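The next part holds the structures, each set out as structure tokens.
In the two complexes that follow, chain A is the common piece, with chain B as its partner first and chain C second.
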Partner chain A sequence: MIRGLPGAVFLALLAGLSLAAGNWDNRPVGHRTFVEGLAVDPGSHPGQLAYTFDLPNLAALGGGSSSGGGGHSGGGGRAALDPVIEAPNLVQAMSDMQRRMPREIYFGQLQALILAERLPASAVEDAVDTLMANPEVDGTAYVATAKDGRALLTAPAPSERLPSDALGLVLSCAGCEPLYDPVQLWQVYGNLRSRLGSLVLPEVAPGPDGSGLAGLAMYRGAQFASSLEGNDALAYGLLRGFTRRSNLVVPVSGLGVATVDWLSGHGTYRVRAERGRLHVDVRVRVKGQLTALQAAPGARVMALALASRDPRLLSATSRLVLSKLETIVRKQAGQGVDVLQLGAAASGADPTAFAGIRSWPEAMRTAQYRLSVNLGLLHATPAA
Partner chain B sequence: MSERPRPKPIDSKAVLQETVSSARQMGRQLSGLLSDLDHGDIGLFHGDVAAAKARLKAGIGRSPDVVLRTFTIGGRGGCPALLVYVQGLAASQIVDQDFLALAEVASSQQMAEEPAERAKMLADSVAVGHATTERKWSALLKKAVAGNALVFLEDCPDVLVLDTVQYPARAIDRPETEQSIRGSQEALNEVLLTQMNQMRRLLQTERLVFEPSVLGRMTGTRIALAYLDGVTNPALVESLRRRLKGLAAEEVLTQARVSSALRDHPWSPFPLTRASERVDFVAREVMVGRVALLMENVPFAQIVPATFVDFFRTSMDYGFSFWEASLSRLIRVLGFFLGVYAPAFYVALTTVEPDLLPSKLLLSVAGSREGVPFPPVVEVILMFAVIELLREAAIRLPKSMNQTLGTVGAIVIGTSIVSAGVVSDQMIVLITLTAVGVFTAPAWELTTAVRWLVWPMVLAAYVLGVYGMALMTLLLIQHLAGLSSFGVPYLAPYGPWRPVDMGDAMTRAPLRDLTRRPMSLWPLLSRKGQGEPAVVSDVPLRRMRRRWRT
Partner chain C sequence: MSVRSSGRKARPAKEVTGGRLGSAEMAFFVLASYTGLGLFAFPLETVSHAGSAWPLAAVAALALTFGVAYGVAVVGDRHPGVPFSDLLISVGGPYLRWAVAIPWAVLDLTLAAVATAALCHVVVSSFLPATPFSVVLAAFIPVVAYTASQGIEGMTRAFAVVLLVSLGFLAVVSAFTASHIQYPAALVPHLTGLGPWLSGVLSSLYAVSGISAVFHLSAHARPGERRVTRQAVLAGVSLVIASRLAQAVFTVGTLGLTAITAYTWPSMSVIRLVSSHGFFFNRLGLLAVILSTASVWAYVACRIFSAGALLVPVGWRVKGNRASSPGFSMALAAAVGLFAYALEPPGSEPMVVGQVVNPGLLVLGVLFPVVWWLIDEVRTRQLIRPNERR
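Showing the complex of A and B:
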């Protein structure tokens, strides 16, 4: 063995690895403008889209001290700049934006992508595809729907410095919200690419104390179809298994009005294809805790422990959940929305059995659904 | 045109006086040399006290602290003698005592009987202290300047050497650089004998051996190798001896001079010998099979071999429960990594890969850097320079000024430099964390390595970001894995993996479970409390010798 050869090989390897780094074009933090949020709305002219960029004003943020009130003054001016660019697509908007900024706009810190309800499918696909094609974007930004994306990004966020920070918090904190399954950019991208099941995005609305979740937005492909709010959204959450800490007020004949809290559930379903028609058997297991029972006039007051096992209460609660579920499933199926994510289930379970189905929207419209709810109730212990 | 200064006139009288003085001195020296030459060898004393005095007076006797005194031993008609000692180094009280003893034991008749045996007879008669005889002038002069008293006797070729050495010594103090909350508060001092006594007090075993040696042709620095006979591997001691023998230096005044000769890898920034001023720590290391090198004038012992994890150990670790000890060690390790990586991470994440930072932190960093004219890498360099300046000043300044320096460092520099917009406020936090991390290392030598390592790491981070840091870390691991201290792999017990030594590495097992000496030291008694040393066959000894290469 030649003396010193291992050292030379090691150095050559090191030099090769150094050259293969691929980060030579990265810029320091002071040379970048960070895009924290991006909202896509319909433009003022046909064929145009309005892109709102949520950019932190670093001079105003200064030293990390909280300025409060998103988008408002932090001592050195507004904490956030929200320029709006009208362009036919995101690439053009980014290019126009870059021309207006002295620093390189950088999407690596994107927190939230807000898609307006009224967007055409092509605009949704363009935004998602363009962002995912950008090497700076790692795909972990949260995606949500809003009636007005721009209003959301410029709404006050009293607890955070930037509206996008507040949105990021709302959209990422699954355990904080009673009903929400976080959806990230890479998931949307995958969903749009695979066409397996419909896209369900959280719907966000601005409020006086900051933005909050308003419901769920159902998509047919990349096209917004409808919204689910209130108990409809709750029932859908029970079916899909992302309901946490929700409650339901159930009127029970002969008993009174019961409040069932800490609702959670999970749905399982079987899909069969027979003579080109789908047969869907859905079973939802629901758990909850009976926390209050307001007795009906004239009815005797019943202890919670007893009431939680009362067949009337169990039946009324199950029926309520079931009726909501049936409404959702039939309504969405009627619109061609794969609300049960049957496409994904079919592709995973037995792809060949479903190969004959040519049109999924048609198959869902004509499918035969059978839904059942299995409810188990605990009861709250009265405080001593 | 300026006038050239006129040369001063030569003072011929002064020149003449100086010449005469030199000639007299030379004459005295020559007469002494000639006297010895008459007897055949000028390197030996031949019993001519007057000639010896002349020779000494022309040599070391020129110094005012050297006392040359002629007298007679054995009363009237006794033996003429010359007493030589260095005032201050030789204890005058001991000199007086020894002389009284000499005067009492020696009668004129005894002194006249066998002149050549006078010195030996006197040496045997003096009961107190050490009394030896010597003939060689070179050895005699060395002994005189070491603090011994020399007694030259007429017609006796042997010179009586009385051990009257008493160095001025500092009292035993508390350790300054290795403080301990609980445990012994005793540090070594500068006197080798005291150091040995301190060690002996803690290790009251007949196995403890001090092997003396002298280093430095001019300085004659006395050292001693302390080890446990029958426990420490003899090949290690042999290797140490050989390396010390190879240290052909004129002066050996500092420990660094010795440790440079002991290092396997002289160019590595990492320390390969551990210095400690704590007696209990040194004693413990000797107990486990290491060798401590004690040195005159240096209140620190050098412990060899030393591995990377050894530099995270303190004596305090053995005074607490294993939970406390393990946590402390892990914190020190964390401090080491913080010191090496924190500035580099800052540079990498702000210069090359901002996308790796959480959004809120990134905005804070970017916001705090608004208006700062320098790039992050220059900020780091500036602040490190400030820390190094403060550190250097803290060492130089008297203790009473330390508080002032702290105020200057923390308030004046720390606050003002941010207000002036030279660096960002987060840089102050980072550099403070780094400095705290660096100086948590219990061994000062390790902090030097960290302070050097920071620069290539920052450079790699600046050029290639976190990827560059990963490459630099590879290089660092490669370097560390290639190091050894007296043949013991530097990364032991992690590389090579030695599970039996894990009990006392980055964490510490309960003391009752620490029953084995480190395997990497190849001790003759691997288990503590074992009786006689294991019989070591030739094969493992040869292997050990090869490992502890010189």
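Showing the complex of A and C:
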């Protein structure tokens, strides 16, 4: 198709230009430092924030020194470097950090963003917006809350070489944690963008065997409000449909103490607005498996198959779940927290339906809730 | 009036009817011609104009596109082997031909420039932040110039191979984004008024802008095959419409109506979220986005081909079946490159889409084809043209 000198010049130009493009950015991996985790804590002065960057120490990792002490062993130095930068916002912290490091700081491998409980809403929004605006970050990092972000990020993880590797494992394992709804950066960003948003983040705490999930952090907008733990968190998980394998111990009068395992649930809501006030109808379907029944002294020993259909046991279990749910909903709604994430559901719903509602937190406070629980129990059978 | 007696020197009959494309090849050309523009951003503009009526606006725009393309294909099937510019001359003489060809060629080059600028912006802002815009552009333009100079048959062969791989992979990866849908309420249409809906329809037109390729298809149809353009449009445009719908549903369902407006290229951002463990590398979405740039290459080459076929002087179409000479394609590609370079300032490319591309497509891509089809219907019923009815 293309002949002669013009064709040759054209092809040479084509080849030259194709080779020239694309080599302006790529740096050898050894010239980069990968930020694996980032924690945001309140700073030592008002208006300052403390940013902890979790960086693998390439010198220590490359030497192959096995880090028995979990990230802080001797030999080739510590496996992780955790510099803390105090700055008013993340952009400044990033450039201060870059000034201190010999290598280019690269955020494309970010696994976890940890937000401290005591952060102001503006700091949460700043961290999320700044990260999302960074072209290296694709929004798939996990976001979690901790009482002390720096302590969590630097806590030793005996099973992994890097603490943030362990953290990444915990936060990405949606199927293996009994009560966990993974939240990624892009979801937080979208939630904060939508006028009606309110965050619910997993709360992570350091433990002797590595970090683990402690509960759920409830936010009013981007402001931390309170945390849910234990059975409160379980009931909330049933409502929102993210419990996978949780259990409840239910005392049943006249029967004994029942253990219900494999709890899962799903809540459906009907919301209508009348004269600026929300009426919320919540039905939660709960499924579980009766695995044990310890008969009360003097009570008749009952087969599990029979007990799983016993009205006393069913009503005691659903009353327990319901009472937890009512406490959570009333307490959270009283703080103006969008506990059912109604704002997210309403964003995009019929725009005329919620036109009368001026302030969403205020609507949360004044809303009328009606809750009901529908429980179905299976009973344990031997697997083999 | 007969096509052959249009005041030019007579050519052997073989050249006029000598195409080599069947419906399957044509369908690939149609797919290439429609996919490239709107791949990164649609349905951002639709949502920001129509609000929660966006599904109705998107469906209306897609249905309109299909109807128009089918009408043009019906006309084309009535005149197989006849180039579009000859058909224009046979209907209204050389004046009509230039009155249609020049605006359409300008629109084609504008569409090509907008798609090129969008691609370069995506590459620079998401993948190669340190590389200058002009370098990415300068690497892209010779490639499309070379492709467009291959003529429709060479292009179709290349598209069949490359698009099957890249768009197929993109489709598989996009299916994974279904698990990210968290705002199902945003997918339910609520018609709040006719004004937002209409402006939503208008602002969606750019995402299905490949009609100009359909004009030229029947000139290259394999002799003796009937309804071949219609079959190609049925297959190609249906595929495009289905994929645009899926793209819109996944994007809005994932980001919601409010947050979507914070993104510049929402559908690309959504696909980039896909990652998978167990595949040999886990950033599947990133690979899909990189591969999908091939569809911009195909799209721009189609636009240059179409503009060339419209603008080519009457006596030029002599060797083989190429609509234009390689030199002509390269000149047009250079024009596209300069235009795209002018679109470097961020925000200028959506502005051109809103103020030039969408109104232009409404007039030249919707109204003109409807009139074109009507004229041909009337002429077919009035005239007996035994040498054209096949």
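Heads up, the rule we're going with is that the second predicted complex is superposed on the first by the 343 of 384 C-alpha atoms of A that agree within 3 Å, B and C clash if a C-alpha of one lies under 4 Å from a C-alpha of the other, contacts with A are read in each partner's own complex, and residues count from 1 in each chain.
The rule is short, and it goes like this: contacts are C-beta pairs under 8 Å (C-beta built on N, C-alpha and C of every residue); 3 or more make two chains touch, one makes a residue touch a chain.
Please read all numbers here as calculations on a predicted model, not as lab measurements.
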For A:150, decide between first (touching chain B), second (touching chain C), both and neither.
neither
Could you tell me if A:14 is touching chain B, chain C, both of them or neither one (first, second, both, neither)?
both
Can A:186 be said to touch chain B (first), chain C (second), both, or neither?
second
Please indicate which partner A:58 is in contact with in the superposed arrangement: first for chain B, second for chain C, both, or neither.
first
Looking at A:220, would you say it contacts chain B, chain C, both, or neither? Reply first, second, both or neither.
neither
Could you look at A:34 and tell me whether it touches chain B, chain C, both or neither (first, second, both, neither)?
first
Where does A:138 make contact in the superposed view: on chain B (first), on chain C (second), on both, or on neither?
both
With both complexes overlaid on chain A, does A:240 touch chain B (first), chain C (second), both or neither?
neither
For A:168, select first, second, both or neither according to whether it touches chain B, chain C, the two together, or no partner.
first
On chain A, what residues does chain B touch that chain C touches as well?
10, 14, 17-18, 21, 138
Contacting residues of chain C [partner chain A, same complex]
51-52, 125-132, 135-136, 138-139, 142-143, 145-146, 149-151, 154, 182-183, 185-188, 190, 192, 252, 255-259, 262, 269, 272-273, 275, 283, 285-286, 326-327, 330
Where on chain B does chain A make contact in their complex?
350-355, 359-360, 362-372, 375-376, 425-426, 463-465, 467-468, 471, 474-475, 478
The answer for chain A against chain C in the complex is residues 1-2, 6, 10, 13-14, 17-18, 20-22, 24-25, 135, 138-140, 184, 186-187, 189-191, 193-195, 344-352
Show me the residue ranges of chain A that touch chain B in the complex, using the header's touch definition.
10, 14, 17-18, 21, 23, 26, 28-30, 32, 34, 36, 56, 58-59, 61-64, 106, 108-109, 111, 136, 138, 161-162, 165, 168
